[in-house]
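Below, chain A partners chain B and then partners chain C, in two separate complexes.
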Partner chain A sequence: MQNAWIVATMVAVIAGVVGFFVVLRGSAFPAHAIPNGAFAGAAGAVLVGVSSLLGLGVFAVLSALGIGSLGRRGRHDVATALALVAMLACGAAFLSRTTEYAPEIFSLLFGEVLGVSTTELLPVAGLGAACLLAVAVLYRPLLLSSVMPEIAEAKGVRSDRIEIAFLIVLALATAMTVPVVGALLIFSLMIGPPAAARALTPRPGAAIALSVALALITVWAAIALSYQTNWPIGFFVGTISALAYGLGRGWNAARTHHHQLPHSATFTDASSPGSPAPPLGQRRQKRRRPI
Partner chain B sequence: MGWLIEPGFFASAQVHTALVIGAAAALVSAVVGVFTVIRGQSFGGHALTDASATGGSGSLLAGVNPLLGFVVGAVTAAGAMEAIGVRHARGRDLATGIVLGASIGLASLFLYLDTTATATTGATQQILFGSIFAPAPGTVPIVAGFGAASLAIILALYRPLLLTSISGDLAAARGVPVRLVGLAYMLALALAVALSSLAIGAILSTALLIGPPATALHATRRAGRALIGAAGLGIACTWIGVLLAYDSAHWFSDGNGLPVSFFIVAVIFLAYLISDLTTHRATRRSTAAGRTGALVGDRDPRAAR
Partner chain C sequence: MRPAAQHHPHVRALAVDGVSVTLGGRRILDEVAFTVQRGQFTGLIGSNGAGKTTLLRVILGLQRPHAGRVLLAGRPRARRNRSIGYVPQKVGLDPDLPMRARDLVELGIDGHRLGIARPSPARRELVAEMLAAVDAERFADSRVGRLSGGEQQRILIAHALVARPQLLLLDEPLANLDLRSGQEIVSLLDRIATEHEIAVLLSVHEMNPLLSVMDRVVYLAGGRAVSGTTDQVIRSDVLSGLYGHRVEVLHVAGRILVVAGGPAATNGSPDGLPGAAPLPDAR
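Up next, the complex of A and B:
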C-alpha cells in the first residue's frame, strides 16, 4: 500500500508537468495515442518474453516518432489517428498469438496501482527523473514554440525538432506511467488537472505548480476512494479530472464575466478555454446565428 | 490462384457475412470520414469509438441490446463535445479529451462491474477489439438501418456541410446555420462510429473512418471524387484484409490466423503511406517548377492544426 502512494505521487508529478505542455500545445490526441501504442508494446513484450517495461518504452517512442514524421507533412490529427490504429492493430495481432492474457490486458489498460512492487519503483523513478530533466532543458524553447510559433521560428527555434523532442518526452512519461495508472487513464491525468490549472492562472510557472498540485489531489483521492469502494481507480481518475476541468472553466467564465477587462492577457493565447480575448475571427464565429 | 486464395474462401458463410458487413461499414465510414478529415475532427471520430464502447459495456450491465448501448454512448458523447462547444481546433481537442477521459473512466467501472457481476471474462476483449467474423445475431439489419440513416444525413446536408467544413466564416456569411449543421454532422458521425465499432471493433472503426478518406484526399482535391475514391478504397482494403486473414490460418502450424483487424489496418496504412510519399514528391516537384499555391496550401503543418 505504501508503494502505491509513492508511485502514484511520482506519476502525478510527471503527469502534471508534462500535461501542462500537452494542454498548451493542443496535443491531446497524441497524449491519448502514445499510451495506447505503448500498450501494444507490452503485449508484444509478453509474447517475446522480455520485460514489459521495455516493450512499453520501445513502442511508445516508435509511436512518437511515427506521429512526428507522418505529421510533418499532412494533417497532424490524421497522422496521429493512423499511427494509433497501426499500433493497436499490432497489439491485436500480438494478443492473438498469446494465451491467458485477459486479466493483464485489463490491468494494462486500466491500471493496477495497488499491486506495485518495490522493484518496480526504481525504473519508474529513473524514467520520471529523465522526463523532468528533459522538460527543464527544453523549457524556454518549448514554451515559446507552443505559445508563439512564429516568434519562436524567428528566434531560430526549430519547431519541428521541438515537436519531436516533446513527443519523445511524452513517450517516456507514458512508458513509466502505463503500468501504474493504465494506458487509458494516464491520458485523463495529463488533460484534466493541467487544463484546470491553465484556466485558473495565466502564468506558466504558477500553472505548472497548480497542475501538479491538482494531479496529486486527483490521484490521492482516487486511490483512497478506490481502496474504500474496491472500484477501479481509473473511474475515479477520469471523473475527478473531468470535474476539475469543469470547475476550472466555470471559475474562468465567472471571472471574465466580473472583470470585463482581463487583468492579464499577456500569456493567454487563443487556445486557453474561455480565454478572455480571442482573435476577431474566432469571436465572430462564436456569436450565435439565427437558425 | 490457390496460393492467393486458400480453398473454401468463397464457400464460407462466415466470410460472406464479413465481406457484407465490412463493406457496409467501410462505405458509411468513408463517406462520413471525408468530412471528418476535412474538418480536422479525427480525434473526435476516434473518441466516439471509445464512448460507444462505454455505452456497450454499460448495456452488458443493464442487460439491454448492446447496439442500443453503443448508439446511446456515442450520441451522448457527441452531444457533450458539441455542448462544450469550443470552436477553435486546440480547445476542441481539449474538450474532446475531457469527454474521452470521463467516458473511459466510466467504461472501466462498467467493465469491472460486468466482470465481477457476470464473470464474463471475454467482455473486455470483445468490446475493445470486436470481430468482423462473429457479429452478434440480428446485427446485420440494424447495422444497415443506422448506416442508411447516417448516409442520409450526410447526403441531405451535402452542400452546406461541405461549405462549413471548408470555411466556417464563409458559410456563416452565406447564411448557413453553422452550429446546426455541425450538430447534425456530429449525429451522423456518432451513428456511423457506433455501428462500425459494434460491427467490426473500435480499431477498425477509426482506421476506416480516417485512412481511406485521407488517402483519397491526397489524390484529389474534389470532394465528390474523394467520396467515391474513399468508399472504393475502404471496401477494397476491407476485402483484401478479410482475404489475408482467412489465408493466414494456413500460415501457422496451430491453424490460428492473425486477427482480421490487423490485416485491414495494415492495408489501409500502406495505402496511406504510398499516397503520402507520392503526393509529397509531386508537390515538391511542382513547387520546384515554380507552381506554388493551392495544392501546397494545406500541407503547411500550422494550417493543419
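Up next, the complex of A and C:
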C-alpha cells in the first residue's frame, strides 16, 4: 500500500510537469496516441515474457519518433493517427494470443496502482528523474518554441529537434505512468490538471506548480477512493481530472468577466449572456478600481 | 530624416547583396540589394505577395537565398545570429496562454538558452525598462494572449528589444491596427531607432503611415526592389520602371497614392529597372 502512494506521487509530479507542456503545445493528440501505442508494446512484452515496462518504453519511444519524424512543422495529426492505428493493430494481434493474461492487460488499460512491488519502484523513479531533468534542460527553448515558434527559429532554436526531444520525454513519462493509471486514462492526468492550472494562474512557473499540485490531489484522492470502493483507480483519475478542469474554467470565466468590466462596464451586463448577477460584478469592479 | 546616421557609413547594420529566391519554381526575389544603417527607420513596401516576408526570412537566416548574401554589420551572417530582433506577421498567441506580458518580454532575454533562468533583480529591471520603453506598463501583468492587437504588438517589440539587437525587423506590424494605434506604434519605433541606435526595417503594404518617419524606402514589386529616400523612390518614373508598366504617383492631401496609369512601358530600359524614360501620357 505504501508503494502505491509513492508511485502515484511520482506519476503525478511527472504528469503535472510534462502535461503543462502538452497543453501549452497543443499536443493532446500525441499524448493520447503514445500511451495507446505503448500499451501494444506492453501486450507484446507480456506475450514474450519480458518486463512490461520495457515493452511500454520501447513502443512509446517508437511512437514518439514516428510521430515526430512524419509530422511536418508542428502539424502531425495525420502522423499521430497513423502511429496510433499501427500500434493498436499490433496490440490487437498480441492480445489475441495472450488471453490468459487478461487481468494484467486490464490493469494496463485502466491502471493498477495497488499492486506495485518495491522492485518496480526503482525503474519508475529513474524514468521520472530523467523526465524532470530533460524538462529542466529544455525549459526555455521549449517554452519559446511552444509559444512563438517563428521567433524561436529566428533565434537559432531548432524547433524540429525540440519537438522530437519533447515527444521522447512524453514517451518516457508515458512508460512510467501507464502501469499506474492505465493507458486509456494517463491522458486525462496529463490534460486535466495542467489545463485547470493554466486557467487559474497567468504565470508559467506558478502554472506548473499548480498543475503538479492538482495532479497530486487527483491521484491521492483516486487511490483513496479506489481502495474504498474497489473500483479501478483510472475511473477516479479521469473523473477528478475532468472535474478539476471544469472548475478551473468556471473560475477563470468568472474572473475574466470581472477583468473586462472596467473596459466595457456599461455594456457587459446587457450583452454577455453568461454574466454573473450584477451585485457580484459591481462588488468586484469596486475592488479593482484603484488600478 | 537623420543626416547624422547617414553620414556614418561604418554603422551599416545590414546589407542585402543581390539576393534571389525561387520558391515552387517561381522567382520570388530577383537580385534584391539595399543597405540599412543603424539609427535609421527603413520602410519595406510591397503589396500582398510581393515577397516582403520572404525577404525578411532571408535576412533572419530562415530562408536560404539561391543567390546573393546578407551582411550584418559588415560581416556575412553567422548561421545563428541573435543580433536581430524579429516581430513576425502572425504570432497567434493563445488567449489561455499562462503567461503575462511581462513573462513574454523576459523570454526575449535568453529564451533560446537551455536550462531555467534564475530570477534576479537585474532581469526584472531590464524587463521593466523595456515595458516602459514601449509604454506597456499598464497591461504588463495581463495575460498576453488576451491583449488587443496593438498592445500585443508593443509586447512583441519589447520582447525583441530586450535582447539588445542591432537590427529590428517587423513584418506588417500595422496590419489589423486602426489608424491611431498604427501611428503610435510607428512613432514608438521611430523613437526606439534613434534612442537605441538600432536599425528598424518594417514591412507594410501601405506606406502612408510611415511617411513622417521613414529615412529610407525599399520598394518591392515583381520580385525586384528599388531603395533610396522617399523622394528618390516614390516617383512615377522609378516605380513605372520597377513595375514594368506605367504607374502614377499622386500626392493627395499629404498622402501618396500609387495608381496604375496606362499601357505597359515599352520604351523603358530593357529589364524595366528604375530610370525608365518618361512615357507618353496617352491612354
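Structure notes:
Here, the second predicted complex is superposed on the first by the 256 of 291 C-alpha atoms of A that agree within 3 Å, B and C clash if a C-alpha of one lies under 4 Å from a C-alpha of the other, contacts with A are read in each partner's own complex, and residues count from 1 in each chain.
Criterion: a residue touches a chain if its C-beta (ideal position, glycine included) is under 8 Å from a C-beta of that chain, and two chains touch if they have at least 3 such contacts.
Source: prediction; values computed, not measured.
Look at A:156: by the touch rule set out above, it reaches chain C but stays clear of chain B.
Of the two partner chains, neither chain B nor chain C is touched by A:7.
Residue contacts after overlaying the shared chain place A:140 against chain C, while chain B stays out of touching range. Looking at the superposition, the partner that touches the larger set of chain A residues, chain B or chain C, turns out to be B. Residue contacts after overlaying the shared chain place A:71 against chain B, while chain C stays out of touching range. By the touch criterion defined above, A:42 lies against neither chain B nor chain C after alignment on the C-alpha atoms of chain A. Once chain A of one complex is fitted onto chain A of the other, the partner contacts of A:212 are absent, as it touches neither chain B nor chain C. In the superposition on chain A, A:197 contacts chain C only, with no contact to chain B.
Only residues 24, 136-141, 143-144, 147-148, 150-157, 197-199, 201-204, 206-207, 252, 256, 259 of chain A touch chain C when the two sit together in their complex. Put simply, chain C touches chain A in their complex at residues 60-62, 79-82, 84, 86, 88, 91, 93, 96-100, 103-104, 107, 110-117, 141-143, 146, 159-160. Note for the complex: chain A touches chain B at residues 23, 25-26, 28-29, 31-32, 70-78, 80-82, 84-86, 88-90, 92-93, 95-97, 102-103, 105-106, 109-110, 149, 160, 182, 184-185, 187-188, 191-192, 195, 231-232, 234-239, 241-242, 245, 270-273, 278, 281-282, 284-286, 288-291. Residues 37, 40-43, 45-47, 86-91, 93-109, 111-112, 115, 121-122, 124-125, 128-129, 168-169, 172, 177-180, 203-204, 206-207, 209-211, 214, 218, 256-259, 261-262, 264-266, 268-269, 272, 276, 280, 298-299, 301-302, 304-305 of chain B are the ones touching chain A in the complex.
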